[in-house]
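Per-chain residue numbering starts at 1, and chain names A, B and C are given in the order in which the chains are listed.
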Amino acid sequence: MAADTAAPPKRTLSPSGRRRVGGLLLLLPALVALTLFFVLPLLSIIVDSVTDPEPGLGNYASLFTDGYTLRVLGRTLLVALVVTVAGVLLAYPYAYMMTLAGPSVRAVMVTVVLVPFWTSMLARNFAWMVLMQDGGVVQGVFGLVGLGDVTLLGTTTAVTISMTQVLLPFMVLPMFSVMQQIDRRLTLAGQSLGASRFSSFRKVYFPLSLPGVAAGASLVFVLALGFYVTPALLGSPQSSMIAQVISVRTRDLLDFGGGGAMGVFMLVVTLAVLAASRRLTGPGGAAGAAHAIVGGNER
Amino acid sequence: MTARPWLKIVAVLVGLFLTVPTLVVIPMSFSSAKTFRFPPGGWSLEWYERLFTSPEWTTAIVNSLQVGVITAVLATVLGTAAAIGVTTLGERAKGLAVGFLLSPIIIPNILIALVIFTTFLRIGLTGSLFGIALAHTALALPFVVIAVTARLQGMDPALRKAGGSLGAPPFAVFRKITLPLAMPGVLSGAVLAFISSFDEVVISLFLQSPTAITLPVQMFNSVTVQIDPTISAASSLMVLVVSVPILLAQVVGARRGSRGK
Amino acid sequence: MTTPTPGAGRIELTSLSKRYGSGPLVVDDVTIDIASGEFVTLLGPSGSGKTTTLNMIAGFTEVSSGRIRLGGRDIAPLPPHKRDFGMVFQNYALFPHMTVTQNIAFPLRERKVPKAEIARRVEQVLELVDLTGMGGRRPDELSGGQQQRVALARAVVFSPSVLLLDEPLSALDRKLRQSLQQEIKRLHEELKLTFVFVTHDQDEAMSLSDRIAVFNNGRVERIGTPADLYRNPGTRFVARFLGESNLFEGSLRPGGVYEWGGHKWAADGTPGEFDLVVRPERLRIAATPAEVPADANQVPATVAGLYFQGTHQRIELDYGEGPAGCAVLPPDAVGADLRPGSGVTAYWDPAHQVLVTRPNEENE
């Protein structure tokens, strides 16, 4: 468009070229903003992690040698894993049911998934605090099933339960978007060919739904790794997860090198998990989840 | 094909697990007790009164609204422009650009908080509401990009060509055809950007200062620093502000969907 | 791939009915006796109950009342996978995560057939459907026609006594459809299985079937050979659904007179309210009433359109009232001066007309 006025007619760009320039101009501000507020800071953190307090890989070495950090790392990975597995077990039947339900029931089911997703994170964690406090409702339920008066608040168990709930939508939506595309007649075909209902499900439907499971599981695992609010509110310093340690290191101790190294390590794990799941599911997986979350029932 | 009964039961239980715990905050907010006992022993409007009168809460609410509006405006303008710009790119460049624009949604918030905190500390942007809004903009960008892109994808590319063939120059095509058609996506992107900022806590925690405390930070502090039951009223307010628009969008969307058939 | 035992493929449907919840009957008292090795088509518009009937035979839909017997044995209590029917689905329903060979081997694996035997039979059936060498491909690497042939191979590889086909050709383009029709016909002759074929395409039904059951509103309106149904449709619905017709909505008076719009025609039968049907190839055209043979029935008509189609020509006719009709004639059967808008006399031999019943209500 700028070329239009500045250059003599002969040298104007072709219409498609002009469109391209216009498109780049539109794209540029967002790219610059993201670079300024995300990419450059990230690079500076990476630099910090190998220079602060002294050049070298000391920060990374202590990540794997310091007993406390190792325990936190181990705990974080374990919680993320449990949350992921529990999430798969809960989300799979729910997402499957969504594909079987009629349009109106399905709309309700989508809403039930989306509303908690968009419901204030703090409100949800506060609700869990209330429910899991000593003498609270959850403890009562545990007592009823014969588990006795277990203390929940401040434990990893409380953190895990709450995180499972908070992250469940991220599991359900990618699963649903994959399952929705599976032709229902395939399982019928399996049955017509001699497979029992269960066997047809196991050999035909389940393998086809795996990309959705992988996408949901990797997303939940990655998000669980970086969870801060839930462990901070429902856990205790004794059950810290890595995000809390990063927060203490940087915010309170201003140890940008140490905190940065942890952050970079987390980023590497995140990208590795996402890359692995992308190989399994194709590019649609996580992006599909994001679309489902924003677009709701648009598809 | 019909669903087995056990499947229905499991689905209902999961649905309850997703929704019911959160609803606890509503009765809690009307409690008369100074503790978090549930179910509450008595009822009062004390916490709502405090939420809307005590300066630390009202300031936090106003701060959050300010940050949310700035974020929504910035993210919507940048995100809409970017989403439209992306459509002019080739297949490969498009994939890269979209991947880059969406990356904040996948990177754990704590990491974003960490990198932004260290940088803002160096350039002196911590402790300012505007700094928080800038950080939130990066976080909210993907929502706008996705919402607008989804809308544009549903649009027939021939419409743009038709506009051109009918004599409209590219900018007029953009203004008179592309933008109006993308409008619903832009609006939902703006709402989502506002909500994502209004609800964001980790980055705001890192960037907070006594003069820059958002509502989620005030809530966070009210349970970690002191025990202040006002959080239950604030939570109910959050559920209202955050969930109701989404719920409405869902209902409208579902209606539109069924009408289309 | 062995020849089935005689009689094993006989399917008897007795008073078969289906309703969902307290809704209307989707399938209403359907009785069909399909002989072993017969090719029977369930033909009807969408929503007529033909697919539901097929799904009841296959076991995917529960029967509300009535009986289904296979080879004399009641199969109602059997789940789909124990019924031993081959089934071909509308969109093929090939398993996308398996190769062609794995797809075809699936029913054999489920039946615990030894590995070597599986390999042998897969090869054999690939040859049967002319796909030798394609075993390693994935379904999405095949054309529509090839996919459908894989689906056929998969449905017959385990030597079922019956093959159920649910609109198997509807997703294909016209040309491919014709070549696959021949393929299906050939498979039927080679395998000597009972074929139950569901379609809404009358041409497909006519060219493939031994017998056709015409479905309307959940009921079997007529069942018979294609030629029989064409010549003697019996009901207005069948007359209009199968082939084209010139249809007059008059009534048969005592004394062998059919009255329509002031015209009186010779006709046999018990007096009553019937439609009179003349098939297009039985209709003749005369320029003036004087040229009509004395014993023919005749009616004035206006030419609405003329279409030269090589082997024949088609003349669309407007009778002033009632549905329009047409005549299909040899290319030189009428004068060259015929134009759209020309007034002509259409006539026919009373032996070539048939009377059909009218629907009771306006629920066609």
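Worth pointing out:
One rule holds in what follows: a contact is a pair of C-beta atoms (placed from the backbone, for glycine too) under 8 Å apart; a residue touches a chain by one contact, two chains touch by 3 or more.
Quantities reported herein were computed from a predicted structural model and do not represent experimental measurements.
When chain centres are taken as C-alpha averages, the shortest distance to the whole-protein C-alpha average belongs to A.
Taking the mean of C-alpha positions as each chain's centre, the chain lying farthest from the centre of subunit B is C. One simple way to say how far apart two chains are is to compare their mean CA positions; for subunit A and subunit B this gives 16 Å. Centre-to-centre spacing of subunit A and subunit C amounts to 54 Å, using the average Cα coordinate of each chain. Averaged C-alpha coordinates put the centre of subunit B at 57 Å from the centre of subunit C.
Across the assembly, subunit B contributes 1 as residues in contact with two or more other chains.
In subunit C, the positions touching at least two other chains are 60. Of all residues in subunit A, those touching 2 or more other chains are 188, listed in ascending order. Residues of subunit A touching subunit B in their complex: 1, 15, 18-20, 22-31, 33-34, 37-38, 40-42, 44-45, 48, 90-91, 93-94, 96-98, 100-101, 103-104, 107, 109-116, 118-124, 126-131, 133, 135-137, 165, 168-169, 184, 187-188, 219, 222-223, 225-229, 232-233, 243, 246-247, 250-251, 256, 259-260, 263, 266-267, 270, 274, 283, 286-287, 290-291, 294-298.
Contacts from subunit A toward subunit C in the complex involve residues 183, 185-186, 188-197, 199-200, 203-204, 207-208. Taken together, the subunit C residues at the contact with subunit A in this complex read 58-60, 79-82, 84-87, 89-91, 93-97, 106-107, 110-111, 154-155, 158, 164. If you check the complex, the residues on subunit B that touch subunit A are 1-3, 7-8, 10-11, 14-15, 17-19, 21-25, 28, 36-38, 74, 77-79, 81-82, 84-89, 95, 97-98, 100-119, 122, 134-135, 137-138, 141-143, 145-147, 150, 164, 170-171, 174, 188-189, 192, 195, 199, 201-202, 205-206, 216, 219-220, 223-224, 231-232, 234-236, 238-239, 242-243, 246-247, 249-250, 253-254, 257-258.
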